[in-house]
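A single structure is presented below for examination.
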Amino acid sequence: MRTNLPVPERALAVGAHPDDIEFGCGATLAKWAEAGCKIALLVCTDGSKGTWDATTDPAELVVTRRAEQRAAARALHPDAEVVLLGWHDGELESGLRQRWEVAAWIRRLRPEVMLGHDPWKRYRLHPDHRNAGWLVTDGIVAARDPLFFPELDAPPHRPSTLLLFEADEADHVEEVTGYGDAKLAALLEHRSQHRSTMGIFSAPSGADEALHPDVVEFRRGVGDELAAHGALAGCAAGEAFHRIEGL
Amino acid sequence: MRTNLPVPERALAVGAHPDDIEFGCGATLAKWAEAGCKIALLVCTDGSKGTWDATTDPAELVVTRRAEQRAAARALHPDAEVVLLGWHDGELESGLRQRWEVAAWIRRLRPEVMLGHDPWKRYRLHPDHRNAGWLVTDGIVAARDPLFFPELDAPPHRPSTLLLFEADEADHVEEVTGYGDAKLAALLEHRSQHRSTMGIFSAPSGADEALHPDVVEFRRGVGDELAAHGALAGCAAGEAFHRIEGL
Amino acid sequence: MRTNLPVPERALAVGAHPDDIEFGCGATLAKWAEAGCKIALLVCTDGSKGTWDATTDPAELVVTRRAEQRAAARALHPDAEVVLLGWHDGELESGLRQRWEVAAWIRRLRPEVMLGHDPWKRYRLHPDHRNAGWLVTDGIVAARDPLFFPELDAPPHRPSTLLLFEADEADHVEEVTGYGDAKLAALLEHRSQHRSTMGIFSAPSGADEALHPDVVEFRRGVGDELAAHGALAGCAAGEAFHRIEGL
Amino acid sequence: MRTNLPVPERALAVGAHPDDIEFGCGATLAKWAEAGCKIALLVCTDGSKGTWDATTDPAELVVTRRAEQRAAARALHPDAEVVLLGWHDGELESGLRQRWEVAAWIRRLRPEVMLGHDPWKRYRLHPDHRNAGWLVTDGIVAARDPLFFPELDAPPHRPSTLLLFEADEADHVEEVTGYGDAKLAALLEHRSQHRSTMGIFSAPSGADEALHPDVVEFRRGVGDELAAHGALAGCAAGEAFHRIEGL
Amino acid sequence: MRTNLPVPERALAVGAHPDDIEFGCGATLAKWAEAGCKIALLVCTDGSKGTWDATTDPAELVVTRRAEQRAAARALHPDAEVVLLGWHDGELESGLRQRWEVAAWIRRLRPEVMLGHDPWKRYRLHPDHRNAGWLVTDGIVAARDPLFFPELDAPPHRPSTLLLFEADEADHVEEVTGYGDAKLAALLEHRSQHRSTMGIFSAPSGADEALHPDVVEFRRGVGDELAAHGALAGCAAGEAFHRIEGL
Amino acid sequence: MRTNLPVPERALAVGAHPDDIEFGCGATLAKWAEAGCKIALLVCTDGSKGTWDATTDPAELVVTRRAEQRAAARALHPDAEVVLLGWHDGELESGLRQRWEVAAWIRRLRPEVMLGHDPWKRYRLHPDHRNAGWLVTDGIVAARDPLFFPELDAPPHRPSTLLLFEADEADHVEEVTGYGDAKLAALLEHRSQHRSTMGIFSAPSGADEALHPDVVEFRRGVGDELAAHGALAGCAAGEAFHRIEGL
């Protein structure tokens, strides 16, 4: 098990839906950002299917989730950048048209480290996660070689390291002791997902939120996972990845 | 190794071709149906490539295989329901258009348990199996969330458990002692496949079929696999799966 | 030049963007609805590209345009039904996946008369109009024949007449004398489009809107087109179509 | 208006569904075949949606329609060749994958003259007709140039003339006086389509069929169209086309 | 018939294959360039199928045709810019992926006037011409509205006029008296196409080329077409277009 | 670990780019060819992105790489056959259109053994490798069953064994002691890739190439991998594969 990359200058995380990045690597991003890294979150879909309430207006849900995603990014770090690609939730594809768009953003944002869903993860159901994973691997290849995109001004860019969360085979841990609160705070900003994803029913906003029993329970779950991942590398709290270098 | 789900009220198995479901989970379906479960078999392709005889008329082969599939389902249980999607054999795709159709059937049939090909299975050649597997995983996601399909009357439906046969990593066994005969009888109904898939040449229909040496040999092969799968969980006969819950 | 269909019981108009239906056949819908016809407006895209202001948040623009489209439909008739498919503006495709969705709505809404963009119109630039046109012609074929969609409960439905607006070759006029105001009122509800589509800059809402010089000018343009179309059939005001029967 | 090509050695007609070729150019094919031309009929779809009876088994309908198509071709001429591509009725696409298959058949059959649906025909609803038309135009381009298909043994082939039936702009007529009966006989072989396409209800097979009032009426309609097309070129009976040369 | 746009500052012509632009509007481009317009030629495909000689190496043919295209552009004007998109000849598609690339070039090159194939042209066989036409119309829509391409730095750009050559319905002529020689010189630079497209067999390079009887014949053909198009507007030589404004 | 198939009569290796086959199984092909096997190399893409030099003309790079690939095949064996499919580098897809083309070549070349990229390989970034892998598995299925491709003359062909290089789970080794030099010689023929793929900067052609320190280092790397793969089966030098039989 390898641990703790040097803090990169710029890091770009790619997630399928609003909140996926925070679940996968929120504490790592918070840690790096505090240490001076410029972090960016690129969210592929608009989150428009993310509710159990059939009466929800999907367009209004999208507006809500964009605001939540921006607030969540600020909870990781005030200077976090957010890019919202806005593809339809539940229908994400990883064809050439989508790949080009992700690659163009890689060329614009020029991250040393990228983070994303592991597309080789077995037995995880959601096709959007799988396709968001392919968009990272395939987007890096298109971003790095100079003869792609002659129509763009942006020069090619080759990240040095890729960290895949939800890893089929974890071999790297970032220690995040002390950054669990930032991760939790970011996750809680996704209030529209409290019920369906976090098991939090009717928690109040504001100071009392932290005391609500569902929030307490959710915090325990997040903490348990950080502890379990950290234990892989003998540390108190961690986020586990599969790490690929020599991109 | 986990074993034996509670018998569900309704189960839906999805296979790439006529006969794939019987190979993958025929005994389990027979066991559940006998215990009162309403079973349904959804077959993605029309089986039109399933012959070694180049002079076969593919349209007539399709008619034959539909009849065989219905007879095979009856051999599992007289009340088994059969849905034949009829896509071209050998060209199954798992895009949005196909996914919607599988999801619509999930909403109509409302199974508690679904069964299908494991799309993560390594080193199995046929692309139709892989794509039929993706249609189950991706179809469940589309069936379960209410904001998919506003044009349909059918309310969303979330199965509780998915069992994947041909599993890359089996972790669940259904004991099927006593149901091997039903599985075998169902398989033998696919007479057009005797030669190419089952190694049975010129076996007669009717009472003497069981005595034909090729049938005896095929029965032994099926029995050996049930025994091997059963042994994973310490029982005489079983069918092994990868099990996913919390869909 | 043929004129004036009998008022249908149910009519369904399909447009590429919010406001296209009102431009193409708003007065006809208003006339029919007043005479007891149940009218429905199906809008293919979300209108998310419909602005000249690069700082607009596209998700908020979508919410605005949905509200505008509903208000515009009410301006045609209080009981008008609105269906918003929400595909991405500027990227509308007319493949099988989209066709199925339009056909499912035709089966649900069961119109006698359908109205839509003429896909054969030459020299009209926007691909969304062309594709919205194909979705009507192709969707009707899929809706009418019973062996499409075995997964749906909805029985097949065959409209009797199709009226294509923006016609390459107009051969039918609906007289709409007296319904120009309803058409204009509906169009003006699309306030986000005042500037880019209607040439109306900073008109106030409310009673004074009608007096604003840009609105006066826009009203004149709409009136001129109604007069020109009406003249094709010798009436004071009309909307012209290509009419197809025997669907 | 041009008339009467020299009788070609080989002619290939391409239709969307079983019966489309007979409607479009059946008498011309019968005339040429009698004069020694080798005629071939290539039918793109399987005709599986071609019924108004929702209880029809689509696979059995396909078997029926293939037999009908073969009988109809024999009614044109005993040596007519039939190629049945078998794509799904109602879902015909004209992408590269389909184009390659049509082009491969052009290279195999090597016709001097090709006949097909006019893809530029305005106001004809069925997308399969439009796409079958594109497959002819685009398939010819792929068949004729030698650097397409390096994987095939078949050498390139360039037909000399293309005749498009259902023409948006007819400029060529084949006189078919005396061949209307062959066309009618071929059409009547499509018995599964009597009701939905030909307005013939419960006509008996055999000698009495011709006396059935619906058949009499249908014959009159076919004859009227032959007369109308013939009149374009001043002859008693004709089939009209748009003609393209210099392929 | 309208004539003679004001000379634009920048013009961009889009063609399917090397030489299509010269055939369609070469003299117009030469005239404008001489008057100070910055002209650019964007060629969609690589021309790799453009030979009747089955032994040609397609990769070497591509290199040849790129050089020929550059020389041809220089023959129109020494400062002409050439963009070669390099898609496969004979397989050009006009989907979103291709549209984005054309639109990105429109944003980069910022032409006031665009020129391209008329996609509505009836009875022209080659699918690449049709699709190159759609790429111009659809690319303009994507280039002009600001909310397309948030990943690009390039600001939106709206050309003022589109001229479509090979027009289904010509309504505009550019007088090109005196520019036929430039058009001819540009066409003759496509030496690999002399045989298959221009009917020129074994003409020598250099000074004697002009005297070769096939070249004389080809020049006469080009001149006849310029004269015919010019005659539409009462001038000695012209190139005819369909003109669209208010893009 | 299984070892050493009997030398096949014909073997076909499929690679994503020029040089991938040599890296994956060059020594095995050299060994078999020396023993009388007819070897063929099918390369999916044109290698047009394979440079770090943004000023490279991609069309000229393609010509170079085709020549290099042919020279590399000759270095494996003078009679090696090379098929260059020429799809765009970096955009390889594994849809039906591509699958048909690979399957047609399998039917033409009729190999007993096929070799290709393991599409199940985890954590290898390049999408072209993944898709080239799927084209082999899926192409075999289409090549082997007789009812695919009725338009082709080529009879079906079923290889007996598939060896996947870059294996996710190696279970077979070919001993290649003595064939490392042939593999190295073949790889070095890809001179355009010396810098970007092999870490060889400015090595001279000819006799002195072998002495250049970068070449020495590259040879050491190739040798180390042959030794490591050989060690899996207890031999001095090997190439490791996942082996699938019973295709």
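Order of writing sets the labels: A, B, C, D, E and F. Residues in every chain begin at 1.
The rule we apply is simple: a contact is a pair of C-beta atoms (placed from the backbone, for glycine too) under 8 Å apart; a residue touches a chain by one contact, two chains touch by 3 or more.
Since this is a predicted model, take the numbers as computed values, not measurements.
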| item | value |
| --- | --- |
| Common touching chains of chain D and chain A | B, C, E, F |
| Numbering shared by both copies at the chain D-chain B contact, with half separating same from different | same |
| Interchain centroid distance [CA atoms averaged], chain A/chain C, Å | 41 |
| Rounded Å distance between chain C and chain E, as computed from the means of their C-alpha atoms | 37 |
| Cα-centroid distance, chain B relative to chain C, in whole angstrom | 46 |
| Of all residues in chain B, the ones touching two or more other chains | 58, 96 |
| Chain contact topology (line, ring, star, complete or other) | other |
| Pairs of chains satisfying the touch condition | A-B, A-C, A-E, A-F, B-C, B-D, B-F, C-D, C-E, D-E, D-F, E-F |
| Contacting residues of chain A [partner chain C, same complex] | 46, 57-60, 62-63, 66, 84, 86, 88 |
| Contact footprint of chain A on chain B as seen in their complex | 96, 99, 120, 134, 137-138, 140-142, 145-148, 155-156, 162, 164, 168-169, 242, 244, 247 |
| Chain A residues touching chain E - in the complex, by the definition given at the top | 95-97, 100-101, 104-105, 108, 151-154 |
| Complex contacts: residues of chain A adjacent to chain B | 48-54, 56, 58, 61, 90-91, 93, 122-123, 125-127 |
